[in-house]
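Two complexes follow with subunit A in common, the first pairing it with subunit B and the second with subunit C.
Coming up: the complex of A and B.
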């Protein structure tokens, strides 16, 4: 069943923009949803499987965006080389952050990872190597083997492939020994230690799996936007990915994708303006974290149970 | 029943034909400014101003016989949102996009709009890289550049003989560029001065008490406030500077204090010095019949006297329409090449000339706020 269902879902997503009319705005929306959902999948691994809330993930997103911007504009790298550099940069930064935060838990872990993002934003906005406050412009079109993605319509297959790759990786991670060890460490650290699992090593390994996924989103975002500045470290991206991860429900494979799509649809069709949208997003985050630990899916399940009892 | 269905189909066909005819008779103009958040009020005023100018142009027959239809979007002062809105407008088939309050948002939108082959006119954003050609090889900008602005503020400092200078600077492409241009102009003048304090802050900051206490302790003769958040940050900065009894003169960066800022800042704005490039009631604008008609239209439609921001956006639409009429085409390159390095007579700003890089030439006028009014030095 799974062998048939997942390819069908993947193909339905690929065909989505054409099924919805095939307009330029539809393709742009799908490309952005794919990029931001990929960004959220990296964080999902930390939140859902490790049980921690990392506020440093915009840094990994920025790693991908800046590695691509710098390597394509100054070194003439193509998408493959810039992707490899993105992964290496993200792994290096994740190793440092992972080692620093290895023994920290919950509130302190979140606080330290947030401090990392604040420091990174200040550095990015003021360091000439990263373009300072002017940012880096002139990022070339996505070109591979003589083919160029001039529009979001042409970039959509790449964004789709990136998204599918992220979903596959997260699924494979959850089925792997590392994924199971991470859950054990998350749910019962004492049991994990007694079972011979090294919690610190597991946490670091999960961080190293998570960071390149979020960074890969930054890689494609750089090509899509053609300009990168310190704004990629703004709270807009942090709140977006956090809300996308918790909105629908944790440890559900399509939840970050559906969450990202819902948020971007709200932003596009039901926007109340900058400050109000931030309040709405922040409010949703507080609501879900405080009262709906199972997300919208949990709410739907409770509703169904009540309806059955009532029937 | 059959007759009812027949009539219904006929009405639907007529409505479809009318819709198609309307679509043929209109030209879509995209507009992207912050309509919410700190710069939201100013962005809304700009949208009103473009509405007034579109009406003026449409009343005279439109552009190449087609009525202007504005498609207005809110960039929320956030680059990522601005890019999304630009993509939306590209998808809707606009012929031109008039945009730009925040430089980081403009810089993010430029490549996306340029790649789509749509003409991109920046009305307000000031950062120098906007005209570098990297993001948009056919860039056009109406607001004065940081370099020109810096020279004006530097001249004021030299004329005052001030030597102890402090900066309160927005930490982004606009703010840092503005400060750099003032320093460059001061250095070029040979004037001996000392920077006694530099405090930087993000665009959306509204509490300046800590940076102001640092600046106050440095005892500057002139403090230069560079803050493009005219809806929230700049009025807050002016009020807090007044309350903290900041020594010396508070000088606002060119074009950052509009009447709307003074309205919010209240009495605290008295004594603030600034410079700008457009004042509706001051010569040479006051006697310009096109400007008079525009000011009257703004008052008639929106009960508002235009400020520099509104006038620049309206002028952007007016000049674009003039260029299209002259080249008899909506084609991006033809229109852009007519504007860049070209001159136009009879605009609401008077006779205007653009530099080859797309920068509009403008004259600066110094003003001081007295009794909550801008008193312009002629």
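Coming up: the complex of A and C.
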């Protein structure tokens, strides 16, 4: 069943923009949804599987964006080299953050990771190497083996492949020994220790799996925008990721994608201006966590149950 | 910039930091709650004070309580939304919800006050004092006096009064307090309302030192983290001393090393402290 179903879903997503009329705005929306969903998948692993809330994930996103911006404009790197650099940078930064926060739990962990993001923003806005407050412009077009993506329509297959890669990785992670260990550490730390699992080691490993996924989204974002500045560290991205992860439900493979799609569709097609959109996004996050602990999927399940009981 | 002037700046900055952080200290120490919207509440307090003075022509002495009233209302609404999670002590969800509130407040502030920076001038901030070649304003004097007064009052209330005992009892064991007939919900609502009032007071008193922007909450909250953590979570005296120490550190770092990286340096201090005593901190703060 899985073997037939998943490729069908993947192909349906690939064909999505064409099925929806194939306009430029539709392709742009799909590319952005794919990028931001990939960004959210990295965080999903930490929130849903490890049970911690990392607020440093915008830093990994920025790692990818800046590594790509700098290496393509100053060193002439192509997409493959810049992707490798993105992964390496994210791993290095994740190792440092992971080691520093290794023994911190719950909100102290979140507090420190939040501080990492704020500090990263002040550094990005002030350090000349990272372009300072002007940022880095002139990022070349995405071109691979003689083929160039000049528009979002041409970039869509790349964004789709990135998204599929992220989903595949998260799925593989959940089936792997590491994924099982992470869940054990999350749900029952005592049992984990008794079964010979090293919780600190597991945490660090999950962090190292998660960071490159979010960073890879930053890699494509740099090509899509052609310009990167300290804005990539704004709270918007953090709130977007968190909302995308909790909106639909935890530990459901397509939940971050559907969550991101719902949020971006509101912002692209039902926008009330930036400020009101902030209020809407913050409000959705508050409502889901305060009143819908199971997310939209939980709501649908209890709705179904009630309908069955009624009938 | 001479040494004495920097020391004086540090002293004032330190009192400002302590005052900004006091709401969080009480929130975390007595109710084991966190509020990531703290910085945005500071921003709203500053803008409400600015708005009632510049648009309604209210005097500064009335603008301060107006800002505090706004803080109380926001704090109350937040805690009313969070009550279910608070009773469950689901700190992780509480944290994300407060982040969501911060994002909403920033959007609402942008909508109401625009995105341009403003200057919150008060009658005190325009009057200078010169002592030899040292320079401060009466606003700086007010910061020091208000901070000391708030800390003394708070310490007295928490340690000597029935209300203080009630709040500490709820912090120690909410379920037991509930059994003892304490209205736990009202205590939580009250503590959050106090946090709102305290941070708005801090904003109305401290914000005249710098231009105010609707996006400033993002950074402001870091100062609070560092003060609360350095002071030993929840300790009122500790956070006063931590605020002072951090004020001196920031003044000298800003003057002799780099102004732009002062926040980053502050964060470095936080990391060092956490590396030195991670276990004790996490155990006490997590509350389990």
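By definition in this document, the second predicted complex is superposed on the first by the 311 of 311 C-alpha atoms of A that agree within 3 Å, B and C clash if a C-alpha of one lies under 4 Å from a C-alpha of the other, contacts with A are read in each partner's own complex, and residues count from 1 in each chain.
By our rule, contacts are C-beta pairs under 8 Å (C-beta built on N, C-alpha and C of every residue); 3 or more make two chains touch, one makes a residue touch a chain.
This one's a predicted model, so the numbers in the text were calculated from it and none came from an experiment.
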Combined model on subunit A: subunit C and subunit B, fit or clash: clash
Partner chain(s) touched by A:147 [first = subunit B, second = subunit C, both, neither]: neither
Partner chain(s) touched by A:119 [first = subunit B, second = subunit C, both, neither]: second
Partner chain(s) touched by A:237 [first = subunit B, second = subunit C, both, neither]: first
Touching partner for A:276 - first (subunit B), second (subunit C), both, neither: both
Partner chain in contact with A:286 - subunit B first, subunit C second, else both or neither: second
Touched partner set for A:53, first subunit B, second subunit C, both or neither: second
Shared subunit A surface residues [contacts with subunit B and with subunit C]: 126, 236, 274-277
List of subunit B residues in touch with subunit A within their complex: 34-37, 40, 74, 76-81, 83-84, 87-88, 90-92, 104, 107-108, 110-112, 115-116, 127, 129, 132, 134-135, 171-173, 175-177
Subunit C-facing residues of subunit A, complex: 51-53, 55, 100, 103-108, 110-112, 114-116, 118-119, 121-123, 126, 235-236, 238-239, 242-243, 246, 274-279, 281-286, 289-291, 293
Subunit A-facing residues of subunit C, complex: 34, 36, 81-82, 84-85, 91-93, 95-97, 99-108, 110-111, 218-219, 221-222, 225, 229, 260-261, 263-264, 267, 270-271, 274-275, 278-279, 281-282, 285-286
Contact set on subunit A toward subunit B in their complex: 23-29, 32, 125-126, 132-135, 137-139, 141, 150-152, 225-227, 229-231, 234, 236-237, 264, 267-268, 271-277
